[in-house]
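Residue numbering begins at 1 within each chain, and the chains themselves are lettered A, B and C in the order written.
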């Protein structure tokens, strides 16, 4: 759509891009108008030709530092959100989030920290089978989605968290999950198959298997 | 796992296991599977999960399953599978390793179980931290009155200069448009020449010069003369082809002469 | 609402009201997050005791002056709205390019070559009546405009081409339009009648001759 209109209006390139102050106003207006995060690409597509949304955004972000609303990054997109310390004023706007079961919360955390993760891996970590309903609920809430299939036998589907998840928990990216670094450093995010599975899988030397495991 | 903890199974320990088993059975519903039960048992040891006695935990778990059987409580298959596995693990841990036996050692199995428990605990802590974060719609908020992007469809028309000129040309050729004829002042057409010659040809019984057929007013101006000569010549060829006249030329560049073809008239 | 909450939380009167900068942040956040315009009364009810929403609002309103969004009054209530001049950002324009109809391009050509030209004259040249829609379209595209009225009986309006027309076709002036001579040289203005009319004109076997001419 953008390309099409760009092609049909070639004259636009002849015009100067609006001054940065104007571009800031535009970014401000677009971010204010949208409840959903907006990507830089979308911003550029909506702003006049020659605008630099990324640069304007930096200014807008700075302008709202310490204000009642902030410009926040959510994955690859940006949004304006109220400052968290003012949440108490918004009782009227508070949305009753469905009370998640312990199973659902654990499953969500496992997906977030281990993504992309297969259902079998989730079950391995929790030591219990994951009910269809739990995953369905998280999918329906649009906090998780299907990721790429694993390149392992059976090519199982994987799950990853969504931009909606990041938005909901105020995370810039999945890398900003609380305690992620520590967990990784402690080796708790490693995919360590149980040693007994080795018997079933093959009868090769265990040394080879361990090597393989370590490199994977 | 030190040797001491492995073989330190006193009567007190049995009692402790029994009590733990009772406690587990009381709220069995609250557990999310056998790993969860094991995690609870491990926590009762009040040590770092990396330092727990897997053997002790296994014994407590087996006691729990035994107790459940005594009380005729139906345990889910998961719990029984875990019990069988733990019984196997216990035997591996207690017996001296058999060099002929294949598969992982008891220590390796125990280490993995400890890892699983630690990982589960870590995920639970992470989940708690996640849920404790400020959340959208609870602590911070999105725009209350979002303005949707309105889709506007605009039709733009285009035309090229060529199309414009073609359109105009089309108009000018379709109609007898005055200025168009005026522009052709100095062109004597084949049609005009034919028309003129058809009227005169019947009087040309003898060889006559082609130039004598040029119309009045087309002989003085060189441009007009050239145009009229060409058209007249073309017309004479046309008439010759139709069998109405004969043409001759005595020499190269000599005057072209024509006369009526008698036979064509007779028939 | 206000009175009630004041009654139920009598201790709050003992606290100092937050500084004005804080109150501004609060008004900003409430206006942003609220699903509908908010009255001063509502603002005061939602803000901590002792706040002066009206005063804070004036500051917020001033802060947003000239920005991409404004604080506007809607009846008795207040809301944040996109600045009027940036409304275009809230529209996603898709442009569909179409070729001008034959009637339109012929009309345009006549106006370009004969300007200033009346509607009656256009019709005389085209040999068919010119629909109002065709002229309206060309007027709307700003390729033609009304010229001076003709000093003939009835003082009919005339049409001339615009600068926009010249820009589109890359012409300095309408006089630069290729003349009839050039059109003929380009093979566009052939004196021969269109093929469908040939049969009527000649019954003799002139066809050969015409063919000959065409190949030469």
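We adopt the following convention: a contact is a pair of C-beta atoms (placed from the backbone, for glycine too) under 8 Å apart; a residue touches a chain by one contact, two chains touch by 3 or more.
Since we're looking at a predicted model, the values are computed, not measured.
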Legend entry - Chain nearest the global centroid, as defined over all protein CA atoms shown: B
Inset, instruction - Starting from the Cα centroid of subunit B, hunt down the chain whose centroid lies farthest away. - result: C
Legend entry - Chain centre separation in whole Å, for subunit B relative to subunit A (CA means): 23
Inset, instruction - Return the distance between the CA-based centres of subunit B and subunit C, expressed in whole Å. - result: 31
Legend entry - Intercentroid distance (Cα basis), subunit C paired with subunit A, Å: 39
Inset, instruction - Find every residue in subunit B that makes contact with two or more other chains and list them. - result: 141-144, 147, 149, 156
Legend entry - Touching two or more other chains - residues of subunit C: 29, 32-35, 80, 82, 90, 92-95, 97
Inset, instruction - Please give the residue numbers of subunit C that touch subunit B in the complex, ascending. - result: 29, 32-36, 79-80, 82, 90-100, 102, 104-106, 108-110, 112-113, 125-127, 137, 141, 168-171, 177-178, 180-181, 183, 186, 188-194, 204-206, 209
Inset, instruction - Using the touch rule from the top, collect the residues of subunit C that touch subunit A in their complex. - result: 24-30, 32-35, 46-47, 66-69, 80, 82-83, 86, 89-90, 92-95, 97
Legend entry - Contact set on subunit B toward subunit C in their complex: 141-145, 147-161, 163-175, 177, 179-180, 183-184, 190, 234, 238, 242
Legend entry - Complex contacts: residues of subunit B adjacent to subunit A: 32-36, 38, 78, 102-104, 108-109, 112, 115-116, 118-120, 122-127, 129-131, 133-144, 146-147, 149, 156
